[in-house]
Amino acid sequence: MTASPVLSIRNLSLEFPLWGGALHALEDVTIEIAAGEIVGVVGESGCGKSVTAMAAMRLLPERAYRVTQGAIVMLGQDMLTAGEADLRALRGSGVAMIFQEPLTALNPTRRIGDLMVEVIRAHQPIGRSEAREKAIGLLDSMRIADAQAVMRRYPFELSGGMRQRIVIALAFANDPRLVIADEPTTALDVTVQRQVLTLLQARARDVGAAVLLITHDLGVVSEYADSVYVMYAGKVVESGPTDAVLTTPRHPYTRALLQAGPEAVAPKSPLAAIPGGLPDLREIIPGCRYAGRCGLATDICRGAAPPQSQAAAPGHTLSCWHAEGMSR
Amino acid sequence: MMAALSRLASRGIDWRRLRHRIGASPVTVTGLVMLGIVVFCVGLLPNLLAQDPNVINLRARLAAPSWSHLFGTDEVGRDIFIRVLHGGQVSIGVALFVVAVSASVGTVIGGLSGLLGGMVDTAIMRLMDVVLAVPSLVLTMALAAALGPSLTNAVIAIAVVRVPTYVRLSRGQTLVVREAGYVMAARVFGARPLQILRLHVVPNILSPVVVQATLDVGAVILMVAGLSFIGLGAQPPAAEWGAMVSAGRSFILDQWWYSAFPGLAILFTSIAFNLLGDGIRDLTDPRQKGRS
Amino acid sequence: MSAAIGLEDVFVRFPVARDWRGRVTVQAHALNGVSIAVARGRTLGILGESGCGKSTLAQVLTGLLPPSSGRVTGDRDGRISIVLQDPNSSLDPRMPVWRIVTEPVFLHAPTRREALRAMAADLLECVGLRPDHVDRYPHEFSGGQRQRIAIARALSSKPDIIILDEPTSALDVSVQAQILNLLLALQAELGLAFVLISHNVAVIRHFCDEVAVMYLGQIVEQGSVDTVFADPAHPYTRTLLDAVPRIGTGRAHHALDETELPSNRTLPTGCFFQNRCPMAAAGCERPQILSGGAGGHLVRCHRA
Amino acid sequence: MSIVGMLRRRLLFLVLVVFGVTLITFAVSHLIPGDPARLLAGDRASDELVAHMRLKLGLDRPLYVQYARYMAGLLQGDLGTSIRTGRPVAEDIVAYFPATLELVLTALTMAVLVGVPLGVASAVWRNGWIDQIARTFAAIGISTPAFWLGLLLLVLFYGWLGWFPGGGRLPTGMAPPPPVTGMYVLDAVLNLEWGTARAALRHLVLPAVCLGFVHVGVIARQIRSAMLDQLSEDYIRTARAAGLSRSRVILGHALPNAAIPSVTVLGLAFGDLLYGAVLTETIFAWPGMGAYVVNSIQALDFPAVMGFTVVVSMAYVLVNLAVDVTYMLLDPRIKEVG
């Protein structure tokens, strides 16, 4: 990757201070997104994927967290030191965000059109009618039939899929170079999921925007992302081109995750469940965070954290002591 | 991760943590301290001092506050400080009684109403709407006027008038709890409405009811005092805060302490309950969770 | 194999809006003629997306909701049990685990505390939890563990049939695997019948013997899991199966489907799926009937 | 449900309320200890005169007949005759109402103007110093006995400082402005009588402050709680992520949505305001409905108390109806659902 990345998260460690300690939510997370690239971040609940996105946008409650190391640079802006004015300029125009719940993501008492016009005019010095034209154009681009009528609707009058399309239209309102989508289709049915993701993908390709797609669904990553980061318990355990990571996974966790799904075995036969649960992130974990559930774990795994970003193949990296010893 | 955080934060009662959170909320601490003072002054002091609040001393009429009479004396020389202490037993006792009765009656009615739904619910709620439709104190006044002025009648009237608040509150909470998976499961397993009410509904709607009741104690103290002030509650010469403020009214421009101190007692006690209720609400507020 | 429970031509309608005199002006048609039968020891999957009526179906099966018309067959007394979707809301946060797990028992017969605690300990062991956790409260457990507690509770009434209403959709895939394994093991051991209600194609395919695909309150296709998934005959089943994202098939280049689910307030005339159907043609304006092919494979489409 | 449907339903309910209120009060009145006929006739009246009075008032009839008569009168706007003033109750109420309205409206306006900003600041800087101060202030406001505060205000601003008059609506001897609304300040301004307006305003200040002070706390608390609800909603995050400024998100998105549920609470507060008015009017000798009813209660003037109760209950139902209509107009979601 030669061009400067639109988002570069480097060695980010972040914790939530709790009474008498802290929850170590992220440790040494490095994620890089090049212009126009669709990058998936995948992991189960508690892996830190949403916190990463919220931290990148500086949307976490300011006093509730602490960054202990690392840097976040978004479109050349250092996000950890940016002031309110810088953030406002960046959010919505340079970077946009799409959230999980389309039901609650839109102001319930504001008409779709009014909200879109407000967001457009917050970043562009144009008049009301021009902003309306632009908003209608955006809705058209989301294949929303009868955009004029939808502009006058309230969110509750629309279906979940329709709302999420509007949220996407809103995200592209000010020509962002990066869109962060946090589980955008988790609340939707699969048939609607396909509509929404196809539209998101097409629009991002059209305008050359990069997408950070956060999801727990490996299938979604496989179909829509160019490259992928697999996270577990606040760490990136494996990353690389989507096909390489999902067809030749190298990290034991990635492998286990791929094998745990019902697709992996014959009907009615036992599934390869991952035993145990997440480690308690309030404690300092000296070794690999996956060691407690890993079939390959040895003493070194429990004693020291594996080095970050070992190269397995060009662009394919992982963090595991047993990277060499693993059979394909 | 957000889910993990909120799971961490939604643990049950962790006393050390709770103490920490109460400590972090000055409002709650203030409320607790003030209530402690009230309990000491009204609950213990009258017994320790052992003075009769109705002793008349015509030589010390309308004396200004001094070391021998902390709050001064009234027009027949009774010590206002002693009368305020004794009056508190009446005012606070009555308020606690009213709140306890209306809260428990209201919670049971509201819980059943929400749980049973249908015609029963409609009938109960319409009845409550009628009671609520009359501004509470207007009804109290009308009832007190019709029943004749006395503290007992005022207490009955206020208790009746407070019931719909609790019915509405607990019904609303019940409608939420009713949709919870554990109630649905209990119904599948054949639980009867009263069993559901006892096992699941009441324990889960208790905290908002407790908050409301705490806030209400302050409000009811004011209501009782207000009724006594316009002559519909406690009758002179009973030592009751509202009646005392009322009695001092004719002397207000020259002997301000006569009305001022009983009123101050009302204010102080009511603030104590209000701060405490406010604090409990914040501590049990789901919005607080995950922010510790 | 006798039927443990069944529905015969069940309709359910809800009032949605009333006028000022209380007369119903708008109705939701949640179920529109559903017939199913579940045999002892077998598993029936109900597959569908939101709004298809699958939750209503669960309520009818468990007796929480009487059908507006139609019949529920089979003996339901104390022999039907349920596991719900959300493990956070399905356990009363103010009860210790031993009370939660034994609730179906003590609701009907007052039982001594020691007996209940012993029973709870056995049940916890049965679902893979530590028996000494009987005094803990739900918030002390993870999502997967809570779902195990819910399963233990479902078992305590010694049911013949358990309704599983999206039992794993709130769980991560690695935990989902644990729960599905547990349920399969229990079925083999106890000879239970299951009705698994889910939107997850992979879970149904893995877990069930038979499947009924629902759309807008109707079963559009029904049959053994093997035949239905290997050779889906109804256009909706095909759309649904095709929409599931797959691993390793490469970047998606999908044509856009811009249609929306019709409202269940006023049902479409004719085939319910015709406005979204890629195969719609003459004849679709008539109501479709669920008719049979070989091996009990039923399809509600005249073009199948 | 449509607005029209709701109106129909609620007007039916109004009839029910009037019926219920009169029935309860009427039934209870039977237990009244005093004898209205004797009271009206006077202590030294002969038994014959009292008997005559009783006949004239219809008190000899069975209770249900009396009730039916009362309801028949009510339908024609006749609330009976006051025992104390000897005039029709309806006339009395019409005469005293504007004074109360003037007081209540002024107090409410003041309370909203102070309470809303206080509540918003409290929610935005939750648990900060401003929140602590605002909450303490709210708690003090809610806990203050209005009658006692009134007395203190009198002592301070009338007795000691002499800044404001001690009671009434106008100085003795000053003629009220020609009635338009019945509210003196407004009427005086409308008639360009600046001196009268100033005097009326000076008389209004203390009672209005006394009445409004208590409600500052009620309103601030409500707004704080509603704002906290809104600020934790997802759409706030969407708005912030879209780069809208903090003030725009708070004032343009959260506050309007928080105002919707608060309107309902304001309607309910109307009842408390009336009660507060009763006490305030007593203290400041403000010739409104509150003072009227207190005097009536003390004189066991049952028709007057009853008339007051019926009128206030109806007003209360109507105010809350108006509030609900506002609510429906403000919140687009309501129209859809039943």
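Per-chain numbering from 1; labels A, B, C and D assigned in written order.
Operating definition for what follows: a residue touches a chain if its C-beta (ideal position, glycine included) is under 8 Å from a C-beta of that chain, and two chains touch if they have at least 3 such contacts.
Bear in mind the structure is a predicted one, so any value in this text is a computation, not a measurement.
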Subject >> Higher-contact pair (C-beta pairs counted), B-D versus B-C >> reply: B-D
Subject >> Core chain by centroid distance, with centroids computed from Cα atoms only >> reply: B
Subject >> Separation of mean Cα positions, subunit D and subunit C [Å, integer] >> reply: 54
**OP:** Determine the centre-to-centre distance between subunit B and subunit D, using the mean Cα coordinates as centres, and give it in whole Å.
**Re:** 23
Subject >> Cα-centroid distance, subunit B relative to subunit C, in whole angstrom >> reply: 48
Original post:
For subunit B, what residues touch not just one other chain but two or more?
Top reply: none
Subject >> Junction residues of subunit A - those touching two or more other chains >> reply: 45, 278
Original post:
Which of the residues in subunit D come into contact with subunit A in the complex?
Top reply: 233-235, 237-246, 248, 252-253, 256-257, 260, 330-333, 336
Original post:
Which of the residues in subunit D come into contact with subunit B in the complex?
Top reply: 13, 16-17, 20-21, 25, 28-29, 31-33, 127, 132, 135-136, 139-140, 142-149, 151-152, 154-155, 159, 221, 228-229, 232, 270-272, 274-275, 278-279, 282-283, 293-294, 297-298, 300, 302, 305-306, 308-309, 312-313, 316-317, 320
Subject >> subunit D partner contacts - residues on subunit A that touch it in the complex >> reply: 57, 59, 84, 87-93, 96-97, 99, 101, 104-110, 118-119, 122-123, 154, 156-157, 167, 170-171, 173-174
Original post:
Once bound in the complex, which stretches of subunit B touch subunit D?
Top reply: 24-27, 30, 126, 129-130, 133-139, 141-148, 218-219, 222, 225-226, 229-232, 242, 245-246, 248-249, 252-253, 256, 259-260, 262-263, 266-267, 270-271, 273-275, 278, 287
**OP:** Please name which positions on subunit A make contact with subunit C in the complex.
**Re:** 44-45, 143, 145, 159-162, 189-195, 197-199, 201, 216-220, 222-224, 226, 243, 246-247, 256-258, 260-263, 265, 267-268, 270-275, 277-278
